[in-house]
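Shared between the two complexes below is chain A, which pairs with chain B and chain C, respectively.
The block that comes next holds the complex of A and B.
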């Protein structure tokens, strides 16, 4: 195992690679990803379908499917998550690293009351009395603006926004260091989405918790993230402070993605030619080259290295200099 | 068409006219409950919606989930039958036409759904799927002719190389290509009206623009008319000529897209526009969010349905008994527990609300104390709500909070649009 320095990073992925074995061959879902999350920071991971962003979330939680092969490291508190045994992982998962999903209804057991969900979660990680667990559950629920009398209700008795708040309360009841949110508002309406994002930001301030926010919505990223990682077809295309990414993007993919966003100010439509590649046979060299308007022969031949162009602002493009 | 000055168009120019459309869905109620209470339980999915669609225009129907926008879309193409109201398509009332009479009309109005993957039969090749409607409607019988029409429309919607994609299965196509195939299948019948229900919501950003461009191109080339149903205000702004904002089964604001975005009138429209995330980290700002969530459509709020969440609410907007119960619930759960409150107010379950009344049976010797406490709580309520209270009185063994009856809400013409809000009446 590699010795790690004890800097301010809570979690650090180094050359992290995930391949899935499928019937049609090996899918290169994530390829040599290196990034870190500092304590108290919100890192946004953006990408389209097949970019590997959900694979990254699963890897951080140690819940990759059995057909995944992993190389590289994810260092968390000095140890490599990819080498921990299941018992240790289970202790960390939920307690130190928690997750909220896109669709709360499919993650809450319809046959269990909200209180049962909390008790199960708390008692799996801490040996405290039922009474104490109950009072912590109530506290967590009330902190999300849900009346404590509703703790005996079943999931179907709540609205979508309330269910998502219950999911957040469940994830936070053990006060994790890192919250992984995989498209946490995608199934919600815009107003409720705003409410949830506000809650997440408040929590981060109060608990000094780190947040890994995985989304395809660049508007949300602009509103809540400190730094942004842009994934394309399993490769890290660009990584940097949110202002740099939005105002001074370097990678042609990031630039194209930003201009394809439809906002209230949109006057004309921009799209990216072609479609994301098949990860079973990813393009050679830079994976974006078949769709890149600036591609040269070197882009087909060599994989571009991730270069730091500005302090903390990295991009993987052979012609990064020309886009500065 | 700009503004109300252009009232010159003859009604014949309306391709579609929807008048006072009502679509209610019955709710399954257990037999015993049905015997006890005679009240018919229905979901008021669409509750009095009127608009018209001019030829060649794109009308956006915008709202959150549960507002009834999808039900409007499905009812217009008569996948559903309206409870009441009229749907007039090309001058003909189709509200209650039988299936056999509808079939020839279906050629002229098509609908596209959100999920292209679910819209295509995985066991049918793309070419067959697109050509299928021609055979169903008996328009073209010759196989070679069908193939040629399919290849033509595939080229037009950008499903190229068309001869290679013709024999592919939906599973071989990307999301954007599948949505193009669905559009091609609808377009092959040369419809006049296309209802697009969240047609780009599931597509990745980088391909979404392409499909929107296709929608615009088809409109230009074929003079198509669209009803574009979406929750995405930014896309609607870009695409639509006019916008109808829906909330809980009602259209609350309707008018030209440009002016609605420039100056939204209805407080709900204002709220919706404000929460759209701006893709610029320098424009972060604190938002003033409406309270809570969309209430359920079985018992929509009285008066203006948005009133319990509205920032600009008036005393006359429809305050009713259950609004008081909500206030009390919030009070009981947020304020520190006093023994006094517990005894006086009891638990929330002991209170009832019916129409504009809320109350509680009290066995206290001195109900005046409870009356006073209720008045104190109301003093901390939003001012509009407090002012809507007509009386708090002890009547026999009950303490009753009585709200005034709300003013009648009507659609009001404001500048170039119609708004359903008391602020403008």
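The block that comes next holds the complex of A and C.
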């Protein structure tokens, strides 16, 4: 396992906040998130639907929808991504930080061949000859297990799993430092899922690439990640090494999340009472308090700070000490 | 044998499939014209004509035969290029096809010109509005689209006539040609014929006459095109593949043209094609405003004079035009969208 050294981080979010303006008011998608990813590290981000996971992925790339307002910082190579101009940011996207999405079926331009997707991307970032770009495109495609004879095909001629592999090939053809994968396997079947996870792990080893893996699948997190960040309703609930999170969780939400996985031994399935909060009017204090079995009056009144309970293991709970 | 998915296979298939469509259209035209009230013979002859003469005329026109027999004769005539002889007071005794072929190029010139104006303005403004969603320029374009869409054609036509023909004296107000003799008929298109005859002066006269009618019709149509392009562009701009392209660092200009606009054009081409076909049926109001001798005024004239062969012939020609245009639209869509070719 790679040791996390906070001085050698590749990307660091500091008090990062994203609000969406909607017709009904402001949705607090992410609130004062602080975390970092080290070189070569895989950081998992878990949480329920609506916890802000996808917002985090898009925010790192600066591809949030126009109704989003951002505050705080995302530091990358010494500069704040939220303050870079459009062209500088464009040069980073795809070249240094790449993103793969949840739904591969709709992510490719239906009117362009796979080869055109590659050529366009390579030439948007590097001034190399078409011939060289072509051979790199073929190489990337073949490395994902797709025969090079299919490079002139259109997206609709591929299955979902193949399209996701094409998306990964597109994301990796420029050898980025950081790959952000937003639920890369959610829409795929289990066999394809394990293939894709294997591919991602191999790539990390080969390229020493950092991976920000966003998922709601705790099994994947346990298998692939070095550290885990648990998001709840746009707030960071807990952050720490994968072993600590799984074996010694602190935050009641993390505990509830872990026990909501069906166990083969007991065949029991616990669910978390209540439903995720409305992000337009998030609960006061600790956002988990309406659903927390241990909630006291302080949880309703004060926002719990993120406290380091063990080396590298943070949690935001007023009663973190009692859950150690 | 070309593989499936090739454009040629698709185009050929599409052409073959258009034959049943044409057949159905021609059949509908035949029966509708016989079901609607009105008797061509009564319209043809003066009141009080002796019944035996009425019967004789009916017999000579073949209208006393059973419908199925008339139908077979009708189909046979169409496929031998014979649309009958006019019985109306203006074209009595003339070949219907000849009269139509005289009028069709005038309509084609007007329609193509108007479509060019409408497409350029519609796609241009729609693109500007879609890219700058909710900014002032978008609001201005949307306002333009709505206003131009509801302006009556004859009103706009007259305003343009007053400004450009009467006040400024820059352009002719009416007709297809003036001054010199029209160019010798080869295609019937004055613009093409004058060029074929090597007469640039005549070409410019024909072109000058085209400007105001095309501008009038084109401007009114452009409002609808603007709205269609804008709406489709907004849909594709917020699509998943545009977001993914942005995340790959593709430059914005390329995303707009290769991703958003090209995908938005697929439904637009279909709508444009339909509009084109409708225009061929004659832009009656524009033709009247500019005394343009086109298909719309021909149909109106035939209806007023109960010239049934001419009415039928005109509609049959429309049927052909609609089939041809829908094939062209499908082939263009096949050219843009590989998914259509399967």
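The rule is simple: the second predicted complex is superposed on the first by the 314 of 324 C-alpha atoms of A that agree within 3 Å, B and C clash if a C-alpha of one lies under 4 Å from a C-alpha of the other, contacts with A are read in each partner's own complex, and residues count from 1 in each chain.
One rule holds in what follows: a residue touches a chain if its C-beta (ideal position, glycine included) is under 8 Å from a C-beta of that chain, and two chains touch if they have at least 3 such contacts.
Computed from a prediction, not measured in an experiment: that's the story for all the values here.
Asker: Based on the superposition on chain A, does the combination of chain B and chain C result in a clash or a fit?
Answerer: fit
Asker: Can A:242 be said to touch chain B (first), chain C (second), both, or neither?
Answerer: Only chain B; A:242 stays clear of chain C.
Asker: Contacts for A:92 in the overlay, against chain B (first) and chain C (second): which applies, first, second, both or neither?
Answerer: In the superposed model, A:92 contacts chain C only, not chain B.
Asker: Answer with first, second, both or neither: which of chain B and chain C does A:206 touch in the superposed model?
Answerer: neither
Asker: Quick check for you: in the superposed arrangement, does A:260 touch first (chain B), second (chain C), both or neither?
Answerer: Once the two structures are laid over each other on A, A:260 reaches chain B alone.
Asker: Just checking: does A:108 make contact with chain B only, chain C only, both, or neither of them? Give me first, second, both or neither.
Answerer: second
Asker: Quick one: the Cα-centre angle at chain A between chain B and chain C, nearest 10 degrees, please.
Answerer: Once the two structures are overlaid, it is 70 degrees.
Asker: Check whether A:147 is in contact with chain B, with chain C, with both or with neither, and answer first, second, both or neither.
Answerer: first
Asker: Based on the superposed arrangement, let me know which partner A:298 touches: chain B (first), chain C (second), both, or neither?
Answerer: neither
Asker: Counting residues of chain A touched by each partner, does chain B or chain C come out ahead?
Answerer: For chain A, the partner with the higher number of touched residues is B.
Asker: Rounded to the nearest Å, state the minimum C-alpha distance from chain B to chain C in the superposed three-chain model.
Answerer: 8
Asker: For chain A, give the residues common to its interface with chain B and its interface with chain C.
Answerer: Dual-contact residues (chain A): none.
Asker: Going by the contact rule at the top, pick out the chain A residues touching chain B in the complex.
Answerer: Its residues touching chain B are 48-49, 142, 147-149, 159-162, 189-195, 198, 216-223, 225, 242-243, 246-247, 256-258, 260-264, 266, 269-272, 275-276.
Asker: Which residues, counting only chain A, touch chain C once they are in their complex?
Answerer: Listed in rising order, the residues of chain A that touch chain C are 58, 61, 63, 65, 86, 90-95, 98-99, 101, 103, 106-112, 120-121, 124-125, 154, 156, 167, 170-171.
Asker: Using the touch rule from the top, collect the residues of chain C that touch chain A in their complex.
Answerer: For this pair, the touching residues of chain C are 238-241, 243-252, 254, 258-259, 262-263, 336-339.
Asker: If we count contacts the way the header does, which residues on chain B are in touch with chain A in the complex?
Answerer: Those residues of chain B that touch chain A are 64-65, 174-177, 204-210, 212-213, 231-235, 237-238, 261, 271-273, 275-284, 287, 289-290, 293-294, 329, 333, 348.
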